[in-house]
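Residue numbering begins at 1 within each chain, and the chains themselves are lettered A, B, C and D in the order written.
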Amino acid sequence: MSLTGEVLDTVAELRETVANLHGELTRNALVIWTAGNVSARVPGRELMVIKPSGVSYDDLSADTMVVTDLHGELVEGELAPSSDTAAHAYVYRHMPEIGGVVHTHSTYATAWAARGEPIPCVLTMIADEFGGEVPVGPFALIGDDSIGRGIVETLRASRSPAVLMRNHGPFTVGRTARDAVKAAVMVEDVARTVHKAFELGTPEPLPPEDVDRLYARYQNVYGQH
Amino acid sequence: MSLTGEVLDTVAELRETVANLHGELTRNALVIWTAGNVSARVPGRELMVIKPSGVSYDDLSADTMVVTDLHGELVEGELAPSSDTAAHAYVYRHMPEIGGVVHTHSTYATAWAARGEPIPCVLTMIADEFGGEVPVGPFALIGDDSIGRGIVETLRASRSPAVLMRNHGPFTVGRTARDAVKAAVMVEDVARTVHKAFELGTPEPLPPEDVDRLYARYQNVYGQH
Amino acid sequence: MSLTGEVLDTVAELRETVANLHGELTRNALVIWTAGNVSARVPGRELMVIKPSGVSYDDLSADTMVVTDLHGELVEGELAPSSDTAAHAYVYRHMPEIGGVVHTHSTYATAWAARGEPIPCVLTMIADEFGGEVPVGPFALIGDDSIGRGIVETLRASRSPAVLMRNHGPFTVGRTARDAVKAAVMVEDVARTVHKAFELGTPEPLPPEDVDRLYARYQNVYGQH
Amino acid sequence: MSLTGEVLDTVAELRETVANLHGELTRNALVIWTAGNVSARVPGRELMVIKPSGVSYDDLSADTMVVTDLHGELVEGELAPSSDTAAHAYVYRHMPEIGGVVHTHSTYATAWAARGEPIPCVLTMIADEFGGEVPVGPFALIGDDSIGRGIVETLRASRSPAVLMRNHGPFTVGRTARDAVKAAVMVEDVARTVHKAFELGTPEPLPPEDVDRLYARYQNVYGQH
């Protein structure tokens, strides 16, 4: 299969976007070495753009990104795709509203994942962005659809764009790759703050009706419209 | 309403100042993504300069800042003002001596806020800058005057330029926007240090008379006069 | 002894590589001041390239690196070799498959070392990179072969490329100096994440058969081949 | 009093050195805003070069440094000297071997100071640099010789170049200002690592005879001679 026509421009643009968004992962200290990845769905096509496997963040550019189909088979690019490609692809196949997926091993989110504990909704910022606690997904081995299935099943039972995969780390999703990166930045931030809060006490979760009000407002009013 | 005459120069200068001060928030790691804001009162006018809502710190410049009246209504600027504008405006209406307001979700200050615990005055630096413990304000939902009222009532009962709004995060004030930013930097610093101190023991608060002496000296002698 | 012929080019290249890899130590916040070092074996020769002793990371360049034999005797260079040279040399003498050695006092890895506790394998990333828990080596004084011997004996009883030398800090090894630096970055990352996980609970180690599967896959499938 | 002859060159050089060393404080994240200072003795003269009070680290240059006598009286410079000048001056008057003094409120060292607990010697790096535990000095108010006296009395009873002034923060000394800055960097580093070690257990101090051996070796063998 080779890419032709309009999709070529879209893919070129997404390669640039996805390459640049990896810069937000390092800038926000969510990843070390090569251990995190961003992907974007190619709108209207059974394709995605994703990071190549085991390549240093300094060496990432639009050109080094790879294009796969939604079963993780390489369609365009010189390098092997990220070893997490199957999980990203599963999400795109089963969540049509999702346009971007991010995976990191960011410290605090992964620490909650190591214990298999959801991050409780004790801050207005968590209500705003996650609409409640950040849920935990199952322990799953790499190599088949287990990780993807665990992500999708957990996210469907929640309003959160982030899931803490047990003993592994966070996956986040969004309407766009940028939204998914924002969720990755936010989940680490709230994981850290709530961790600190629990080190010296036991903060109380917000009342569910306040969570609902905050979530509704943030999703509809915040930002530029 | 349109701005004319002398106030135009003042506003232009404050736009520059407020845009630059957001750089201190990122530099001191007090904010991630778009989650913090600085404002400045326009002296002698019922106006303030504040960050637009949901705009990335990289995209902030004098031009993107917005001007509102002290009820949060947009007076000048292309973008919608920060979703915290009502809280800033309330402070300016009720604390005439205040020229700058800052809001962040900085990690350690927010962790104390999540537990609803004031930061005890166990360090000379806390006595110097805050004149005693850093107080906790009430839990308040965004959308009306509750947050602003909680800030003002708490600050009036204290010498501290910082208040930890419960389950939310710190707000700080100052004679100028720069002073408010300094207080935001300092409150996170002492929140972190005192957190660490309590992780391994129970430091004793300073005697009140020593707190008074340190506070008086720092407010009157420190710096260049 | 003076270097001639082909080895000159190899040494020149390794000086460059080793100098640059020290930049990864500072960039990943593994070292402060002068307290960490990287070395590389000169392939096929009884020689190694290593950092000089007590020199600031800013002043490191290909030229300031030193060459010693595998007993730590200076062969080329103006400066005295790192005070840890004997430990590096011992590793090269006794582990012929190893081409690079790194030593740091990175915070979290050193904290586990201070308690003499191995880092348990509670994360898929630890299974991937370390093939099980990160082991602790004996307490050993600088000045003879004790440190080198402790490193080699501990690594031989493990699949891990990292050892936490008791009350001292981590040493890591790799096929190349870059691999050893990667292990130094990864050991601090997992030391930090697992530390955080244990601060608020007791994560369970992964089942040994899953550790084996993850390790086998990562060593053989991950990256570009 | 005005400076003439040879001392002019020495002072010019020390202004440059002291200004630059403040950059190490920010680079190593030991200070925020204006809350830390470095000074250097002018060799053979009853003079010192020190940071001005309350000036931002960005605005520090050789020109803005000030010169005082060893009672803290301004001798040269436009700005008021650091509010900690009296403490620095006391150290120079009473410890003739000391050429540099540094004061910070670095997070972990200050947390130990808030509890009034010395940092135990549980790491080889602590034995190397501090020759034993890092001692705690008395609580002392600013304004007279109390802080200086507390520093000097505590350091005289120890081999450590660092003292944790109770409820205040660390002061460090050295043969040169650079040595004192190194001690400030190292004391924060070991304060942090040992803090982390104690969060999850109780590391054992090194045997005193090993501490003595490590200290002797590091002071005499390490670095370039």
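Just so we're on the same page, contacts are C-beta pairs under 8 Å (C-beta built on N, C-alpha and C of every residue); 3 or more make two chains touch, one makes a residue touch a chain.
Heads up on the chains, UniProt names are A, B, C, D = L-ribulose-5-phosphate 4-epimerase.
Given the structure is predicted, the values throughout are model-derived calculations rather than measurements.
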Quick one: superpose chain A on chain C by CA and send over the rotation angle as a multiple of 5°. 90
Taking each chain's centre as the mean of its C-alpha atoms, give the chain farthest from chain B. C
Since chain B and chain D are copies that touch, is their contact same (over half of the numbers shared) or different (under half)? different
Report, in whole Å, the distance between the mean C-alpha point of chain C and the mean C-alpha point of chain D. 32
Nearest whole angstrom, what separates the Cα centre of chain B from the Cα centre of chain C? 45
Give the residues of chain D touching no fewer than two other chains, as numbers and ranges. 199
Contact pairs between chains, per stated definition: A-B, A-C, B-D, C-D
Under the definition above, what is the set of chain D residues touching chain B in their complex? 32-35, 52-55, 79-80, 83, 105, 107-108, 110-112, 114-117, 139, 141-143, 167-169, 195, 198-199
Contact residues on chain B for chain D in the complex? 28, 122-125, 182, 185-186, 189, 192-194, 196-197, 199-204, 206, 210, 213-214, 217, 221-225
